[in-house]
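Structures for review follow.
Each of the next two complexes has chain A plus one other chain: chain B in the first, chain C in the second.
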Partner chain A sequence: MAKNRLTVCGGVVLLLLALVAGAAPWLSPHDPLQVNLPDALLPPSAAYPLGTDQLGRDVLSRLLYGTRISLLIGFIAVGIAVVIGTGIGAIAGFYGGWVDAILMRFVDTMLSIPTIFLLLSIIAVLGPSIQVVMAVIGLTSWMGVARLVRAELLSLKEREFVLAARVLGASPVRLITRHLLPNAMAPVVVSATLGVGGAILTESVLSYLGLGVQPPTPSWGNILNEGRIALGVAWWLTVSPGVCILMTVLAFNLLGEGLRERYK
Partner chain B sequence: MSEKVPGTSPLGMPLLTVENLSVTYRQDGAPVRAVDGVSFAIEPGEVLALVGESGSGKSSVALALARLLPPMASVSGRVMLSEADLLDAPEATLRAIRGGTIAYVFQDPAASLNPVLTIGEQLVEMLTRHTPLRGRDAERAAVEWLGRMGIASAAERLHAYPHEFSGGMQQRVCLAMALCASPSLLVADEPTTALDVTVQVAILRLLRELQRRLGLAVLLISHDLLVVERLAHRIGIMAGGRLVELGPAEQVLRRPAHDQTKLLLRARAAMTLRR
Partner chain C sequence: MSGYLVRRLIGLVPVLLWITVISFGIIHLAPGKPTDAAMSFNPKVSLEARQRMELLYGLDQPVHVQYVAWLRRLARLDFGRSFLDDRPVTAKIVERLPITLMINLLSLALILAVTIPLGVVAAARPHGLFDRLTTVFVFIGYSTPSFWLALLCMAFFGVHLRWLPVSGIHSLDHESFPLLRQWLDLAWHLALPVGIAAFVSLAGMSRYARASMVDILRQDYIRCARAKGLPASRVLFHHGLRNALLPVITILGLSLPDLIGGSVIAETIFSIPGMGRLFYEAVMARDYPVVMALVTIGAVLTMLGNLLADLAYAYADPRIRVGPSTS
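Up next is the complex of A and B:
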């Protein structure tokens, strides 16, 4: 029961975040990009509920718009990872043999490279932008999904309904897309939910390192990064994006864990 | 015993001829010969039963016909379906034949249906694959077939999932899926073994009625002579991978020639007594 309540909490927080992201233009008290030097580094007040940064921009407004960017990156990156992981896992699990061996060794290879270095080197080549960040996070996080889908298919393909479908003339593509994958989706949904939290965290890390979303576009990671310089004098610049990241990742994890319990 | 098939009815060309079929399973250890030089023919509209205890190779025969065995099985011999050897045919041809010309029904209907697709989706998929029917027309045909299988209010049940059906109903759905593409041969591998006794009788009755009405040839696989004698025109007895006896049902049941047949008949007698 307590577990259930936590899952619902996670879901509610995420729902609120999605609403906030959608309604950012109406909820923001100020323009998130409007520089206003006379008001720089003001502590939280009625006019600026979460204070202002070095350039006098409203932190609350920047956070609200940052929600959009962070959620967008989280979902699209995980979408990319799920598509690649499902494809590779399905092919490996369905065909088995040397196809499986080659694909799984590729997965092992990808897993053996420290993700952060892989991310940094790809971004160093392609240059940082929102699109590159989404693509790169997706391209470096599909391995877990691939393993999951492969394992599911290995056991599902022995089930009799798959033989029954084959006996009735279904082609391999049809078997995979219509009969096997729909039966393998529950653990993928769980892993994707947990993955969105991870992707948001990775985005924050990259933006914090200056390789993610580029200023002036606000993301939680780069607000945190800009606040780092003024950490001694303006705590509100780092605490508020930090709390946002924490809450969101926690919510995704609670929801994901809850779903995992349900599907077990 | 099996060079020239005895009891061949005078209907002319057999629908399917199996010549010297052998199946060997190879796994790490020594190869296991599951089917050893089995030959038989099925006429159009005929019900041939293969009977044997478990492990006698009867299911391997059934699956080998349309080359459905796993890769670790090596199959030799010939399976002739109207001039074409299925054991040599390309995969694409086989896919059209599976379900189109040769349809299968298995032992456990609950396991044979995809748990995440509705009955209707699965039937429509079959119809789309093997008939020119599409969309609404396919759906209408699906309802018709369910009705023909004795499923009440078929139009509503179309949107139900397999778990909402009882075992007997699930097997009726499997039969509908097997028969909706008008195959000429139905391979029924222990079609009633997983069902309750009362449901067994109903399914066998349905099978017999459909077989007569559609002029369907049936290869019925069973370990149970009680099941077989209700349907079969001819009975083949399998033991240790060989077809040890094959003849008209009457003859095999009344004047069994092989010990294995006598054994199976005695088992049947014991079963009848216990009832």
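Up next is the complex of A and C:
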């Protein structure tokens, strides 16, 4: 099926990206941080396959190292979001009643504040760094997972096997972690896969706005920021990082959609 | 209908409270006093201004007292004064709001005008050629960073072809133009920002429109309409689309935060003096009163947008307003 092929494509691209991220030091033709002013803003050539930036740094090498940053931020941010979302969703779904009401109104609130407002204001207060960016993206993207887990638990907790465990005297913690959550994880995996792509997009927006990964550490977003300054003179600074982001996010989305179809 | 409205309005109260807690809490994440940051990042803030600020925000008080005081002023729409130029925050926002609202409304209109026909045509023949093509387009669109697209459009239409202006909302000499020309000038300047702002939601929305339409077209009454020999277009647009639009309205309401958030990016890139850019500038300058006010206003606008979407839904679908609320 065409759908399957696309899913596999997504998976293969992601494997390649992981390899590239791991092997960045060996694949890079130049040092990504090496400033070389006489070679500033050179178009793509044999020596610099994707050209150079304002400081004469090799764009290809910076992109390769940027893969590490993007994947790292994507996975850790989503990890944080899954942990928070699963926790809050599990508590809300398991206990129901007013606990559920309070937590879900909180989820509604988080959903109603434009994410970029939350992200930018928290980063403004805490100061931009890779750690802050990962944490803040995680803290602002757990609501979908919480809703999924809550909905699953609401229906699961009425099932016989849960009742049986309850009769056997299982504690709420054991019920949630042993019996309920393992059965609620499929949609979470799908949403997490799509979430990694989203987190990578968010990181690039933040870095582009100057509130994400700080130079000289290369990230796809901050290379684009430099590209904006040289827009019209150095198109290669703008085109290549965008293509990287697009391909990566597309791969995560294809894989996520494929998984969704499978679990349906 | 009025009973439903009252229920919904009461439901908004806790969300509103949480919004204020979050807006207030963010600023107090920082160690020290909020005014410290303004001082250290902006030497222009005078000593009196800072002292007045501390007095105004009661920064010598415990946090909960500060919060209640802030809520009191909020109820009177008093957001305090900007750290940057000491003007009332409300005035700064009011002068920026119209342009942002205009861009957002225009892009909403553009989103609807593009996604609904796209969704309908794709759903008319699920898995047909057109459907598969739009699916590919949707996936790519969904994964494209909008700010990157904005940069490419600027470089291509603005710098390379010189068709469209790349910044601002007016030509320099726009005041000398006749009225019609002024409007055209505005439209010419807004083409790229509105297009980019709409782009963020295009892919997702056309997918929802399609899914909703496919769902409706499977219903018995559609088969019935077809069976009695109505022309295909009438079945699609009269029987199908009207019902398929309902879920689309809700999704549109839910996508409002992205739209408002998108103004930050679009306005920053195209140098448009709207709320989004005001927010970005306030964040960069640690102008906390403005940041707090905009987070609150952005969330409240979203909330009201969702309310409107729900009311529209309830107006169109009696089952929602008659039955006890289930969600």
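Throughout what follows, the second predicted complex is superposed on the first by the 264 of 264 C-alpha atoms of A that agree within 3 Å, B and C clash if a C-alpha of one lies under 4 Å from a C-alpha of the other, contacts with A are read in each partner's own complex, and residues count from 1 in each chain.
We adopt the following convention: a residue touches a chain if its C-beta (ideal position, glycine included) is under 8 Å from a C-beta of that chain, and two chains touch if they have at least 3 such contacts.
These figures come from a predicted structure and were not determined experimentally.
In the three-chain model built by superposing on chain A, chain B fits alongside chain C with no clash. Once the two complexes are overlaid on the shared chain, A:Ile113 sits against chain C while remaining clear of chain B.
In the superposed model, A:Leu254 lies in contact with chain C only, and not with chain B. Measured by the number of chain A residues touched, the leading partner among chain B and chain C is C.
In the overlay built on the shared chain, the residue A:Gly169 is in contact with chain B alone; chain C does not reach it. When both complexes are overlaid on chain A, the residue A:Ser121 reaches chain C alone and has no touch with chain B. Our angle of interest has its tip at the CA centre of chain A and reaches the CA centres of chain B and chain C; in the overlay it is 100°, to the nearest 10. Judged by the touch definition given at the top, the superposed model places A:Ala192 against neither chain B nor chain C. By the touch criterion defined above, A:Met143 lies against neither chain B nor chain C after alignment on the C-alpha atoms of chain A.
In the superposed pair of complexes, A:Arg228 makes contact with chain C only, with no contact to chain B.
For the overlaid pair of complexes, the smallest distance between C-alpha atoms of chain B and those of chain C rounds to 12 Å. Taken together, the two structures place no residue of chain A in contact with chain B in one case and with chain C in the other.
Residue ranges of chain C in contact with chain A, taken from their complex: 14-15, 18-19, 22-23, 26-27, 29-30, 37, 132, 139-140, 142-145, 147-149, 151-152, 154-155, 159-160, 254, 257-258, 260-262, 264-265, 268-269, 279-280, 283-284, 286, 291, 294-295, 298-299, 302-303, 306.
Listing the residues of chain B that touch chain A in their complex gives 66, 68, 95-100, 103-104, 106, 108, 111-117, 125-126, 129-130, 174, 177-178.
By the touch criterion stated above, chain A contacts chain C in their complex at residues 2, 102, 105-106, 108-118, 120-126, 197, 201, 204-205, 208-211, 224, 227-228, 231-232, 235, 238-239, 241-242, 245-246, 249-250, 253-254, 257.
Across the complex, chain B is touched by residues 159-161, 163-171, 174, 178-179, 182-183 of chain A.
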